[in-house]
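What follows are several structures.
Below are two complexes that have subunit A in common, paired first with subunit B and then with subunit C.
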Partner chain A sequence: MHPIELVSITKRFKAAEKGSDEITILQDLNLNIIQGRSTAIIGKSGSGKSTLLHIAGGLDSPSEGHVICSGIDFATLDDRKRSELRNRHIGFIFQANLLLEDFTAMENVMAPALISGVKARDCRDRAVELLEKLGLADRMSHVPGQLSGGEKQRVAICRALMNRPEVILADEPTGALDEENASEVENLLLDLVREERRSLLLVTHNQDFAFKCDDVYLLKNRNLSLEKSAE
Partner chain B sequence: MNPFVIHWSRKRILRKGRLTSCLILIALVMAPLVCALIFSDSMMEGITSKYIYLSDGHLQLNYSGSRELSDFDSDLYGSMLYSCDEVTSGYALMYSATGTTNVMVKGVGENYFNDRRMEQVTINIAEQTGESTSNIKGIMLSRATADELKVEIGDRVALMIVPDDVDKVLRPVLCRIDGIFYSGYDQLDSLLCFVDLDYAKTLYGAPESTCLELLVNSEYMEKLDDVIAALGSGYDVSKWDQHNVSVYENFVTSRQMILIILLLVVVVAAFYTASVAQQMIQDDMQDIAITKLIGASDTLVRRSAFLSVYTVTFVGMILGILLGLLIGLNLGPILTWLSSMGLKSLSFYLLDFDITVPWLSILLISACLLVISYVSIQISLGKTRRITPIRLFTEL
Partner chain C sequence: MIMVGIAVGLVALLVISAVMNGLQNAQMDQLRNLESFDLIVSSDTLTPEQLDALDGVEFSFRFLETNVLIVDKSSETSTSARIRAYDRDVFNSRRMSESFYPLSKFPAEMNGLLVSYSMTRNLGIRTDDEINVTFLKPGKTATIVPFTSKMGIDGYFSSRMTEFSSSTAFMDYGLLASIIGEGGARIGIYVSGNQNKVVSRIMELDPDATVITWQQYNNALYSALMLEKTLMYVFLAFMFLIICVNLKNSTRRLLANKQKEGAMLRAIGCSRRKVNAIFLGQGMVICLLGEIAGVILGKIVILNIQNILALVDKVVNLITGNSTVLTQIPFNAAIGNGEIAVVCLFVFFLSLLFTSIGCRRIYKSEIMEVILHASY
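Up next, the complex of A and B:
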């Protein structure tokens, strides 16, 4: 059983102009995210990389096909169960770090655990461990407004790993960072994912970053082609 | 409850701004409402007591023709009755050298002003300077009447008695002011004056003018019908509110109207909390989408938002009640101060009265606030369903 299986995914959008045909972004696409491996998807802007990632994470629904997460089809779940599945099995990292502005770094990291019902005192150690690993030991009580872009992104990485999800979905996680910070965050993310034996689905147009992953796919003409495989 | 719900709610409440202003507004709405309830209930209780103790008693046994009032033995009803006094009353025109007024002349015995009645009234009596040889009878009138007629203790006033028999001629009698009383309620005071019972009987001879005024013991004050039943048949018994129908009905109507108006104010305040909740959702749209992204269900998001607004509403309500009680329990000094500042309209009210806290009414408006807030906040939070994580990338 794979952490995420994309089966015959097709995604169409309604055209902006009335009466125009629908636009197909993804066509009959299949992809398995393999346990403990990092997978990157590269492609031009507008090729549908982010849409694919949203579908894989259950944030968006495919027009056709199925997304199977830990053996469960997203389409069969109601809001509560879908949220629960996302909370326990998937961690998200986006270009915009999407942290809760009123929460401190520590609280942001603890948030997924609190949502899953774990009490603060029971998840504090895990959050401290992650923040220390990513060099944020002295930033735990800072709110996002007091953190640099790189620090925010590292908090987002900690948050994504907090619940020990099977898979991390990352959409241009270093896109908003300068070169030095970007490289640091890339390495931290990949190291942490390997160390924690998580799967990673990375969507980026940064080929250097992508080729650090085990498998690389190119999204072109609404479908994927394998560019690199660790096997 | 989910730890995140509590944590997020606390964060929202501690964030200064809209929720703080909601808390202050609810407190500021509740405080005057509670104060108004205390004022109106205490005032009505106070005025009722004045009527009962000075004008009509809890019950009156009136002459009915079947049994003589003199046959009534109040000792038979020991545990029920506090006092039983024979009184004779009638109307008269009172005039002094400078003014005229209508009064009810009430003839009472020397034990009439017992401890309970003395709690309701302050009396100034003329000092006795030896045995009076004059035939002029003494009278005690109110400070309000004395002020109106511009007379004081020792002065004389004339009473023009309205006779029971239409064939009799109107005759004035002269009285000496031996005492001045003040109950604190000018509206009643200005109607009353007291004379000796025997003298009143000479002025108003008809048996219908005489009755027995009964005061019941405190545990029977709310059970007057039980007392009436115990008195048995043969007497014409009436309650104080039957003698003062318009006063009593005014009280009942006023109390109902006040409660209705206060409930309407509370309804508006409750809907305000819903609008605060709606605005909070609007402001927190991104945070809601982020929490949904990391696995919060819509129910969890709604619970958290609800807990924030409802906690603030509840705390605001409690603070408002406490503030209202604080002001309400100090109404006496506040009213006295306002009166000393020359607020004329206060002469229609009591300035000195026992404070009664209408817990039931306070409970009713609090429950109304909580129930309507609960429903309206829940309805306004329905909007969270439309906030999905995907909106983070498409709209927000």
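Up next, the complex of A and C:
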């Protein structure tokens, strides 16, 4: 059983202009995220990479096809159960770090655990461990406004790993960072994912970053083609 | 800002309620102290002494009332009036002295009339002037009892009830009884306990007695005051509704900024319902804090309302050269805890309703769209 299986995924959007036909972004696409492996999807802007990632994480629904997460089809779940599944099995990292502005780095990292019902005192150690691993030991009590872009993204990585999810979905995680910070965050993310034996689905237009992953797919003409495989 | 809006709205509601209550209470106190007392008893057998002994009765006294025509002998000016006659000690009772203000030296023995300052001005009379008082028989058509008496003016009074002052003169009970007899004597009662229980106790003493409450005696005015109070609350409710529409818009603006936060919460595992509950919870906390601030501020304003009105009066006077009448109306702004609780509940309910309407944007927003929008 794969952490996430995408089966015959098609995604259409309504055209902005009234009366125009629907636009097909993804067509009959299949992809398995393999346990413990990192997978990158590259492609041009507007090719549907982010849409594919959001569908894989249950944030968006496909027009056709199925997304199976840990053996459960997202389509069979209501909003509450889908959210619970996302909370337990998937960690998200976005280009915009999307941290809670009023909470400290520590509280932001603890958020997924708190949402799943774990008490604060029981998840504090895990949050500290992650923040220390990513070099944020002295930034735990800082709010996002007091952190640099790179530090915020490292907090977002910690948050994604907090609940020990099977798979991390990362959408251009270094897209908003300068070269130095980007490289540092790339290495930290890949090291941490390997160390924790998680699966990673990365969407990026940065080919260097993508080719550090085990498998690389190119999203072109609404479907995926394998560019690199670790096997 | 939302909290300030709720606090200011609540202060406005509480202060206006308190001022209106104060004005109405002042009016009702005047009615009960002077015009109708708490109860009026007509009985052939009961005496004030018997009624004084009843539980819940503060003070009772006999009184006579008759209609007269007062004519100033020198100017031949006349006015119709009502004469109320009490024993001298009634004027010293606590409740009477709260509403009855002698404007001249009050005589130890009353041989003439106590008239209001407005009546003396109408008739052009002064203390020690002699007037003709013609006693009229009560009825649908006034018929003249063949009795006209020459009387002096013993003093002036004010009651702050213009209608009452301009139509009523006071006289000693014994003096009026010697003129028209004691046939129409009734007993006025000031109640210190439960009015209905006192009525029941009187009826037990004399089942044939007729007891009129102050609300019945002043039925038209009392109903008007109650209607005024109801309409005032309706008006205030509309006023708060306007505040709520602003509240809804502020919430929507605030939540539009929080959409990113909502999308993130949903991405890490919060359901739509949970995210909505978080923002509603925040709304509730803001609303409660606003209400606490509003009640404290409202209480401070109510306690200092006379000073604030005096200040307003000074400012208006400085700008326009005229004084407002606000400081000339005697009242004690008052609002009960029950009323505060009702107003707070009403404000809380409306605030929550409009916050939840504002929250719908979060509830309806698609996570993907918000996240993509935040990324670019």
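What we mean here is this: the second predicted complex is superposed on the first by the 231 of 231 C-alpha atoms of A that agree within 3 Å, B and C clash if a C-alpha of one lies under 4 Å from a C-alpha of the other, contacts with A are read in each partner's own complex, and residues count from 1 in each chain.
In this text, contacts are C-beta pairs under 8 Å (C-beta built on N, C-alpha and C of every residue); 3 or more make two chains touch, one makes a residue touch a chain.
No experiment lies behind these values; they were computed from the predicted model shown.
Participant: Is this a clash or a fit when subunit B and subunit C both end up on subunit A?
Facilitator: By the criteria stated at the top, subunit C and subunit B clash after superposition.
Participant: Using the superposition on chain A described above, determine whether A:Arg80 touches subunit B (first), subunit C (second), both, or neither.
Facilitator: A:Arg80: touches subunit B and subunit C.
Participant: Taking the superposition as given, does A:Thr39 touch the first partner, subunit B, the second, subunit C, both, or neither?
Facilitator: A:Thr39: touches no partner chain.
Participant: Kindly classify A:Arg88 by the partners it touches after superposition: subunit B alone (first), subunit C alone (second), both, or neither?
Facilitator: both
Participant: Who does A:Gly117 touch here: subunit B (first), subunit C (second), both, or neither?
Facilitator: Touch status of A:Gly117: first partner only.
Participant: Touch check for A:Ser50: first (subunit B), second (subunit C), both, or neither?
Facilitator: The answer is both, since A:Ser50 touches subunit B and subunit C.
Participant: Using the touch definition from the top, say if A:Leu100 reaches subunit B (first), subunit C (second), both or neither.
Facilitator: In the superposed model, A:Leu100 contacts both subunit B and subunit C.
Participant: First (subunit B), second (subunit C), both or neither: which does A:Leu59 touch?
Facilitator: It touches subunit B and subunit C both.
Participant: State whether A:Gln153 touches subunit B only (first), subunit C only (second), both chains, or neither.
Facilitator: A:Gln153 sits against neither subunit B nor subunit C.
Participant: Between 59-67, 131-139 or 311-319, which run of subunit C pushes into subunit B after the superposition?
Facilitator: So the stretch of subunit C that bumps into subunit B is 59-67.
Participant: Taking the stated contact definition, name every residue in subunit A that is touched by subunit B in one complex and by subunit C in the other, in rising order.
Facilitator: On subunit A, the overlap between the subunit B and subunit C contacts is residues 50, 54, 59-60, 79-80, 83-84, 86-88, 92, 94, 96, 98-101, 111-112, 115-116, 159, 163.
Participant: Quick check: in the complex, which residue numbers of subunit A touch subunit C?
Facilitator: Going through subunit A, the ones touching subunit C are 50-51, 54, 57, 59-60, 79-80, 82-84, 86-88, 91-92, 94-96, 98-101, 111-112, 115-116, 159, 163, 171-172, 175-176.
Participant: Within their complex, state which residues of subunit A touch subunit B.
Facilitator: 50, 54, 59-60, 79-80, 83-84, 86-88, 92, 94, 96, 98-103, 107, 111-112, 114-120, 159, 163
Participant: Which residues, counting only subunit B, touch subunit A once they are in their complex?
Facilitator: Per the stated touch rule, the residues are 2-4, 7, 11-12, 15, 287, 290-300, 388-390, 392-393.
Participant: Please output the residues of subunit C touching subunit A within their complex, sorted ascending.
Facilitator: On the subunit C side, the touching residues are 260-261, 263-274, 366-368, 371-372, 374-375.
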